[in-house]
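What follows is a pair of complexes built around subunit A, which joins subunit B in one and subunit C in the other.
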Partner chain A sequence: MSRSRRWINAQPSMFLKITLGLLPFLVLLLVYQYQSDARKAENPKDKLLPSFSEMSAAVDRHAFQPSKRTGQYLLWRDTASSLTRLLSGIAIAALLGLTFGLATGAFPMFDALSTPVITAISLIPPMAILPILFIVFGLGELSKVVLIIIGISPFITREIYLRTKEIPAEQLIKAQTLGGNSSQVVFRVLLPQIAPRLIGAVRLSLGSAWLFLIAAEAIAATDGLGYRIFLVRRYLAMDVILPYVVWITFLAFVLDRLLILISQKSFPWYHDD
Partner chain B sequence: MYKLFSAHKTQTTRRQRGFFTPLIFSTCLLILSAVPLGQAVAERDSFRVCWSIYVGWMPWGYGAEAGIVNKWADKYGIDIEVVQINDYIESINQYTAGEFDACTMTNMDALTIPSAGGVDTTALIVGDFSNGNDAIILKDETSLSAIKGQKVNLVELSVSHYLLARALDSVSLAEKDVTVVNTSDADMVSAYTTKDVTSVVTWNPLVAEILKMPGATKVFDSASIPGEIIDTLMINTQTLQENPNLGKALAGAWYEIMQNMQESADVRASMGKASGTDLAGYEMQLASTHMYYAAGDAVDFVNSPDLLQTMQYVAEFSFTHGLLGEGAPDAGFIGIATPAGIFGDADNVLLRFDPTYMQMAADGKL
Partner chain C sequence: MTNTEPLIQLERLGKSYNSNCVLENITTSVNRSEFITLVGTSGCGKSTFLKLLLGTEAVSTGTLSIAGAPVHAEPSPDRGIVFQRYSVFPHLNVRQNVALGRELEDTRIFGRQFNAKRKQTMEEADHWLKAVGLQDAADKYPHELSGGMQQRLALAQALLKQPQVLLLDEPFGALDPGIRKDMYQLVLKLWENHRLTIFMVTHDLAEGFYLGTRLWVFDKVRHDPHEPELYGSTITYDLPVDERGDARRLVEDTLTNELNKDIPQKAAL
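Let's turn to the complex of A and B:
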């Protein structure tokens, strides 16, 4: 029997690949449309599954018309606030993760001192200690950023730690036989190799970062993507919620792509394989 | 490169089955998804009622547990399932989506969620109104006017927000004089302990908890706007019209529960326990709740022209906060029918206060 007869070897053509990829999305849209129509037939004002035209009207109101109450363009204001919180949280968490991960991975003494406590901290569910976070960091912007940092930096730290440990000991020995001191080994041998892996770790933690951002905004806020969703949920405005969810998904996708791009541009050697 | 479906005809059936399994699966999925979520309303004999934890609604939990709801359902030959939902807003959303036939909610949330969502809703039982249960608390200030310029933490678009609007009105301030910070009720007490928070609007038992803290002063509460924050059992109007027995069974059960509640401290203690406090804590909440133990009093309340005035305030607040939907041209877009008259569009009545069933209970005709 020839190789080509087995399904595991059947490769889709480019056209088929794109078609197959789009198919589930199309099915989901059709199922949604059908369900929405069915509910609308029963109650034309149904809010649970709004029609696509209602959603586009909601997008128009939130993105392209100033709010009646505040005169602001809500979607953009929400996006700016949320992205500021998210990006500052991720940047600080990445810096913390890199510092501690590299230090614990490189220095056995520091490893012995801090790995147990970092492991313990990483196991605490951040949502469980919210009241403590409020009391320490207040209810303003700071506490929202801190929640993201607490949520993702232990993961990044442990990831960097493991990646540092993976770097072959031969490299470190070689650098030392060439006369390298500790800081030269850390900054010239380890850091350059860890940098692309840091981007990888940040990419993996993006999902959690969004989760913590939205949780923080649900608790106390005056703007933000999560704030808007939780606010309008009070009157079941799914016509606002669904486009916001799509927008968040899109932003998350763009962020992820950007990180890949940065990684490819800055560390081409890492992506050669 | 070759086409996907070029596999040879003589391929083993095992492989083919491997291909058909996902096909069958997705077909099932499609068929399943073709079943509409909403169910057509018609005369039937099985109903679902939801309630959430609040001082004035604890009787439903007791009534279900003690078998009183079942007893009355049996009397009218129907089935009533009473379901407690932990998230208040979620319970209203579920009711609005058609998952429940009746649900406990306030007058304002009934207007802004089911009615604004096109679900014609009737207040079957008016159980109580908040008579101090909702309050504005300031930190280190003792008069309401000091709220000017402050950040105010509250659950935005809730009755707390309404209370704030009414309070600001009473001291000639407007909402633009403060900054409203949407804060989850679950985190209100711990939020108050932080230095960022200087004023909160919330409800009991959170009010009692916050007032225990240093510097906390209650500067306004719902006792200043009596009868405006009303706790009701709302029911789908169409379901009620097609199934009057459901209305009778619920009203009958409710006033039997009310009688037990009024007469027996044990009953009140069990309600207190179910709401996470004890008899003393529950009685304290009851003290700031105007319960209508007697059906006749509730009927008088619903018949009074004051209710019409209240619903006008509520509709105006809801309209200015965009809660009646973007298509609403004015506060009267959704008609609200009360025995004293209709507020708003008489051709678009979607919220009704109907004392019929409470009257039957008052007359002992159930």
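Let's turn to the complex of A and C:
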């Protein structure tokens, strides 16, 4: 009899790996289906665990039928509004984080000047100043975008600062022996190496960005994915909420994948290691 | 200045960090085209001495001058450097790594060249790649190169700027014996062809004898058992290596033996 492998050494085959990966999803769906059926058997009007057909009807209403009140296709309109807010918030936060992170990482004088205040700002819980944002920037688009910016740019700044510091001093010295001045070292040595790490930092902050977006939309908005789920919560419309949550999760997944893809295409030297 | 004057002059040179004296009382001079190898136990100050030459550390006492002018405590293009690791830029391919030194001479902010100038720089880079034997790897990125090839690239980068002094900080310390042997030949060839003035820190005495025309040993001459940091190292031996032939044969034999020892071990695995 051949000796069996220890569990810490047992590797799944490709087929087994995919099967094992899908298994929990299947179990979750089956458990849901079973529970939903059980509740419906007791009370056909139960709203807590809607059946899959109810949910697909809700998706059809929101995605493929114009709204009776406004004539718009709600899901697409919500998606467009939310993504606009999310992406502009992330883009501005990334730019801010890159600028301050790189400047503090590269210039010790600027580091001394701004790192204490950036650290202090990063400790403020962003949700605590949401009322201030609403007062200062009004209830429009700006305050929602600003919440995302305030929420994630300290993290990106800190991340870029650390990654800049991580670049070996040997490279900076080498660049100077090749005749580089401060600005040339920043633009030819630091920035190109920080660019893929910025994408990494943005990926890590995507989760928080979604959190701040949905929170802001829940409190003050007239459209958006977060607005919709909090609106229909009043009617206990789980048949709308659940598909919206799945859709948001899917968007988050696609955004993350897209960032990896851009990074791999643009910076092959960073990913081949 | 004329070529007969020494290129580098040191006058009672000393370096200390607060109360910790690392180097003291070094007075000597170095002519153009000398190949100085610096040896000594770890912590003897040989690397600190190289940092003073490079400009990443400032001289504490005495003077250190290159071509008649005291060294500025900041790296500059008249002093080229090759470190043991991390001397090349991972985001640039091999040719771009070498070309960078020329590109930085243009556009003060972004350090880039365009069109005809860029083409000329790339051709010049290829010339230096050929000189170090990397012409076939010009389009690769550093992570695709072996350790020896990365050091060749670092040499080509430094040589393009034609520095007055080339500083090597244990450049072959991380390489296999066989590769090291090839690198010795390359460095000697470059030194001869381009009349370089080289300072090389090494922990390998045999390597120091093999490559250098002059070997400096760093050590402390004064000891205070109660306060070991009170006195620093100085150059205790300044040996001219005239009969390099013998030393070379010795080192070649040693390296070959090391290599042969390696092979049966690997084969047995």
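Annotations for the structure displayed:
Just so we're on the same page, the second predicted complex is superposed on the first by the 269 of 273 C-alpha atoms of A that agree within 3 Å, B and C clash if a C-alpha of one lies under 4 Å from a C-alpha of the other, contacts with A are read in each partner's own complex, and residues count from 1 in each chain.
Quick note on the criterion: contacts are C-beta pairs under 8 Å (C-beta built on N, C-alpha and C of every residue); 3 or more make two chains touch, one makes a residue touch a chain.
Note that the structure is a prediction, hence the values are computed from the model and not measured.
Touch criterion met: A:46 reaches subunit B, while subunit C stays clear of it. Within the superposed three-chain arrangement, the count of touched residues of subunit A is higher for B, of the candidates subunit B and subunit C. In the superposed model, A:222 lies in contact with subunit B only, and not with subunit C. By the touch criterion defined above, A:193 lies against subunit C but remains apart from subunit B after alignment on the C-alpha atoms of chain A. Of the two partner chains, subunit C is the only one touched by A:183; subunit B is not.
After overlaying the two complexes on the shared chain, residue contacts for A:173 are found with subunit C alone; subunit B is out of touch.
Of the two partner chains placed around the shared chain by superposition, neither subunit B nor subunit C is touched by A:66. Of the two partner chains, subunit C is the only one touched by A:272; subunit B is not. By the touch rule above, subunit C contacts subunit A in their complex via residues 54, 56, 74-77, 79-81, 83, 85-92, 100-101, 103-105, 108-112, 141-144, 154, 157-158, 161, 163. Those residues of subunit A that touch subunit C in the shared complex are 168, 170-171, 173-181, 183-184, 187-189, 192-193, 267-270, 272-273.
Taken together, the subunit A residues at the contact with subunit B in this complex read 4-7, 10-13, 16, 27, 31, 34-35, 38-39, 42-49, 57-58, 61, 68-69, 130-131, 134-135, 138-140, 218-222, 227, 230-231, 233-236. Those residues of subunit B that touch subunit A in the complex are listed here as 1-4, 6-8, 11, 15, 18-19, 26, 30, 33-34, 36-38, 40, 89, 92-93, 96-97, 112-113, 116-119, 153, 155-158, 179-184, 187, 190-191, 193-197, 321-323, 325-326.
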